[in-house]
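Shared between the two complexes below is chain A, which has chain B as its partner in the first and chain C in the second.
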Partner chain A sequence: MMSLLSMTSPAAPMSVLQNALIVGAILFTLGIVGILARRNLIVMFLSAELMLQGISVSLVAWSRYHGDYGGHVLVIFILAVAACEAAVALVFVLQAFGRTGRLDASAWQSLRESNLSWVVDRELPESDTVPPLWPTLAPAGVLPKADEDEPLQRKHV
Partner chain B sequence: MQQLSPSVLLVLVPALPLVGALLTMLLGRSLRSRAHLPAVVGIAAAAGVSLVLLAATAAQVGNSSDAHPEPVRPVEMITTLWQWATVEDAYAPPSGSEALVPGVVLPRDTSGVRAFSIPVALRLDPLTAIMLSIITCVGLLVAIYSIGYMHGDPGYARFFALFALFVFSMSMLVAASNFLIVYVFWEAVGACSYLLIGFWFRRPEAARAAKKAFLVNRVGDFGLAIAVFLLWMTYGTLDFHDTLSLDGTILPGILGQTRLADAGGIVGGAVGAAICLLLLLAACGKSAQLPLHVWLPDAMEGPTPASALIHAATMVTAGIYLITRSAPLFMACPGALAMVSIVGATTALVAALIAVVQNDLKRVLAYSTISQLGYMFASLGTGTMLGFTAAIFHLVTHAFFKALLFLGAGSVMHSMGGVIDMRRFGGLWRVMPMTAATFLAGACALAGVAPFAGFFSKDEILTSLHSKAFPSVHGNHGPESPAAETAHLHLTSWMHDGRLALDSSSTYGLDAIDRPEIWQILFWMSLVTAGLTAFYTFRAVFMTFTGPTRVPEEAGHHAHESPAVMTLPLVILAVLSAVAGWWLFSTHWLSHFLSATPSLTAPSVTRTVVPHLFHIDLAIQGTLAAAIGIAVAAIGHLGRRSDSPQMERFLGPLGSLFANKFFFDQIYTGLIVRPLEALALLAAIIDRSVIDRLVDWIATIPLGVGAIVRQLQSGLMQRYALAGVMGVLMIVLALAWQLRG
Partner chain C sequence: MNPLSFFSAADPLSAVGPLSAVGLLLAAAVPAGAASLWLLLPRGRKNRIAGWLGLALGGLSLAGFVATGRRLGGVGEEAVFLTVSLVAVVSAAATILTRSPVYCAIWFALSLAGVAGVLLLLGAQFLGVATIVVYAGAILVMFLFVLMLAQPTGMASYDRVSSEPLLSAVAGAVLLGLLTLAIGRLSAGPASAPTTDAPTDGALASDSLATDQVARLGAELFGRHLVAVEAVGTLLLVALIGAIAVVSRGEATAADADRARQRTAVP
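Here is the complex of A and B:
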């Protein structure tokens, strides 16, 4: 890689380029990892945007290195496209939520081979077995019951 | 007709039945009860044309009186229709002294490289003219008979189409002038025979008989094929006739006039004997001689007119024709000739013995056909001009009287409602006098009663056998010993390069058969067969037509004389059986006419010509044998005794040997059919359990691979994204590796 870069005369020093590229790579990788590892649809989309931003950083770094404004221009394009894409993607997420009531990517498994089973989490998150205690108003003139075992109940409103 | 040249007429003879067959195939369904018209008209026209050709050829041969027998010039006319196959530079003669086949000195005419050329050429010479006339005229009579016999059969049109197709194939077989074309039509007549024997294919016996006929014929065809290969290798050509090559040189055909005039032209020795024995095998298959005779009796499952034409008059004579046509080849190998006679005489005797105990009228006639064909082979094998012409003479008369007998049997079968077992009916001369009279005429001809046709032809055969058995009696006609024959040849053959180009007096063991003692045995066998022939023929006549009139119940109201369309051919054939023999014999026309056939003008054949003498002692011996046979038949079966089981009582255990056809069928079944069936069963088992299982196992491999790959299709989008990312990673790594290295 060093031999390739030394062929042209740079407008910015190499160290700037390398650092910026590293940042861009980190952003891109985090974006990929986010898509692969997260199940929340909105977070997955967030990670996709992160990938785009990583690429933008790399583009800016390259165009600064070459002294060419082409990369900057492309980044502006990318920003505009990312915005439109966000609109479209969030519509999809809303539709997906409307059908299943969940923002979980693993809710959509129907398009699979018939002999494979539904992939479910090994342990379901513990459901709240304790019913929520809603605050109640005491009837007028009656003192409310005070329970010492419930530290959550506040003594005053 | 004068405007039509003989070559056009020669092409018309097979072409007209072919057109008739095609028209019948196309229009048969719409013509319905008139479906016989195209075929019968075609055959009738062909019959007329072939008679014209016969007259034209006879005019060319000219007449000669017995007093001044001048040497007959060969008469032939070749018509080439088109060139079927040409392979350039296919034959290269051996350079120098090494031969193509070791030990064989090739004829001198192998000059230069030659192409493999098969022209579809037809040839008109006396032998062909006679055969064509017999085929078409007897075919016409049988076709007219079939109009009445096959009336009402659902396959009416199919029968006539096959009939005309057969006449076409047989005409082409005898007219072809190239061994490969002969082979093609040899197979074609076999196929037509199969189709006609299995005409009522829904009967399992008929289907089985047709299969048997075809398979046994196939063995003979194998012999013919190998013979054709050997002929090609030895002679470099397969044509009968001489052809002109492009640069003007003559390429001698195998049986062409150039080669026959050259004393060293025909190859003898081991290769020649091999060719001749293979041709004999082919003839045995087609003409139902031992050991390939087993198909003919079973072929009686077919319609009677088919049996009359094919298995009496026409197809079975193809073997006789082949050997006569190849006479010069056989003359170079005396051992092969003796083999022909031995096969013929043995077959004649064995078939006659089997016929003695048959109770089925058609079977009697079938075995009689085999026996008479054996006579013709015995006569051919004598290797004399008299032998060849006697065989053809007997072929002609046999065609007449055997067709007559078969048609008469068909007439009987027709009125008896399909019953043909002689023990179930009797005294039919009162019921069908015309059939009885014509059948009697045919029987007299078959038994050799003078002056019917069979007497003269059988007498000539016996004469030719006698001349080989007792040479001294016949003067200078007898065959010299092999040494003397070689000396003769030394004087007359051409010496080329100091080498004698004819190798006939070789020390091969086969030629040692050609000894007078063997011929004497054959002569006595033939005489005994003549007596047996008369016996079984008249036994059949007496059992069927004499005695108290009995009609089986299947006959119903059928038991009357056949209609005119069936009796007219019978009458014509009866007249021919009666007079043809006398006429042909007394004028010596046939032998003179045949001697102009190019094959029979070879010096080796013409050397054996003897002035024709009527040997009265042989005629008396023959007639005595016939008379004894008829007398014994009369004692056993005439009149009131017509249905008594005389033969079974008289012969005892021998009778069961004859009735089982000498166990040929059982031997073949045990030796050939069962092993083949076992082999087929083994092959079927291997095919099912080994090969099919292998294929099925290979088919499970994609299933297994698919079952593994299927796990990837989980429906989870993130897993798919992961797969994509892994792919990109691999590409990046590969690029990095490339760049590094």
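Here is the complex of A and C:
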């Protein structure tokens, strides 16, 4: 079990390195596609975190290959910097949301250079007309008589 | 080394040349993945046929990547590595493809679990656990908190469209193709020499599940990289203060000014 979890078989190093690097590359690429394509600011930041995950996997793979702790140390720094980035970025996202009322990256395209043409949505899709079907409780017992004078719900607890 | 493996030929050009069977497989897997992303990215109203086609292409692409992976020397190792890396990659794809941002965050948490599994397999127990604790426990909850705070009722229109899905998918395909090409050529270089070296001071032991692995990592972190640790601590403090400053500057009102004036007026 120990050797299964730690891949200590003698022929492993290069195979382990390449497989892990491929996984890291796929994660990084997915993150970059998400940042380029999605328009929700928070989803864009999630994609950035995805890219950081890919880099972490690659660094740890190299660290295992070379047999030292440099990659591990760098990943710890990545964790710390990601925490900082998330804190500061979410503050700015909240401020942007407060100004425009949307989490849309395209709401800020007036910040671009003036000689660039604006992105105009040709047709914004109408919202899904069919509301989701939530589960309901089966009716049980008798509906109690409501007092007309008493409001059904208190304003404050 | 292994006749089944794609990357082990001695000549780098023949190893990843477009004429080798596995090279062809990889050359098909990358565009298939890009086409799958292009079909599945949110573009207006849902298209059922495009969705199924995208899923099928994505599955084929993943199968291609799995087929080109190197053999690890044991069925158990391969099965465990395949499971955790598939969890990581599939849920990462779902992170960027799901329309609802809340579901995006949940898929991202699952992807973090997969990444933590990969890190564990690579012998980084502390980092695997730290990824779960710091990312899924703290950062992701912060994202979800902001989402719940800022998300308007119903799904917003900008969650149902993407900006330039085709160009993004093509860019991703080019990047992934170059990366896999570079990774495939690794074995030809002289980089395989360090594996035969004995572990140096502070290096990983041959058994990476050694009992003092975390202690050694701590010694490395607080010995060689002490200045960097201090710098990161300062960075965390600056980020904290900066976030508070930005928030509180936005909230300053006339009442605050009145209160400040009163405070200065009373000696």
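Assume the second predicted complex is superposed on the first by the 107 of 157 C-alpha atoms of A that agree within 3 Å, B and C clash if a C-alpha of one lies under 4 Å from a C-alpha of the other, contacts with A are read in each partner's own complex, and residues count from 1 in each chain.
Simple rule for what comes next: a contact is a pair of C-beta atoms (placed from the backbone, for glycine too) under 8 Å apart; a residue touches a chain by one contact, two chains touch by 3 or more.
Keep in mind it's a predicted model, so treat the numbers as computed, not measured.
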Tell me the contact category for A:51 with respect to chain B and chain C: first, second, both or neither. neither
First (chain B), second (chain C), both or neither: which does A:43 touch? second
Name the chain, either chain B or chain C, that contacts more residues of chain A. C
Which holds for A:93: it touches chain B only (first), chain C only (second), both, or neither? second
Check the residue A:32 against both partner chains and state whether it touches chain B (first), chain C (second), both, or neither. both
Quick one: classify A:113 as touching chain B (first), chain C (second), both or neither. first
Return the residues of chain A at which the contacts from chain B and from chain C coincide. 32, 36, 39, 105-106, 119
Applying the document's contact rule, which stretches of chain C touch chain A when the two form their complex? 1-2, 5, 7, 37, 41, 44-45, 65, 69-74, 76-77, 80-81, 85, 88-89, 92-93, 95-96, 101, 104-105, 108, 111-112, 115, 118-124, 126-127, 130-131, 134-135, 138-139, 142-143, 146-147, 149-152, 154-165, 167-169, 171-172, 175-176, 179-180, 183-184, 186-187, 192, 194-195, 197, 199-200, 202-204, 206-209, 216-217, 220-221, 224-225, 228, 232, 235-236, 238-240, 242-243, 246-247, 250
Inside the complex, what are the residues of chain A that reach chain C? 2, 4-9, 11-23, 25-34, 36-40, 42-43, 45-47, 49-50, 53, 56-57, 60-61, 63-69, 72-73, 75-77, 79-88, 90-95, 97-98, 101-106, 119, 121, 123-125, 127-128
Sort out for me which residues of chain A touch chain B in the complex. 1, 32, 35-36, 39, 105-106, 108-113, 115-116, 119
For the chain B and chain A complex, residues of the former touching the latter: 710-711, 713-718, 721-722, 725, 739
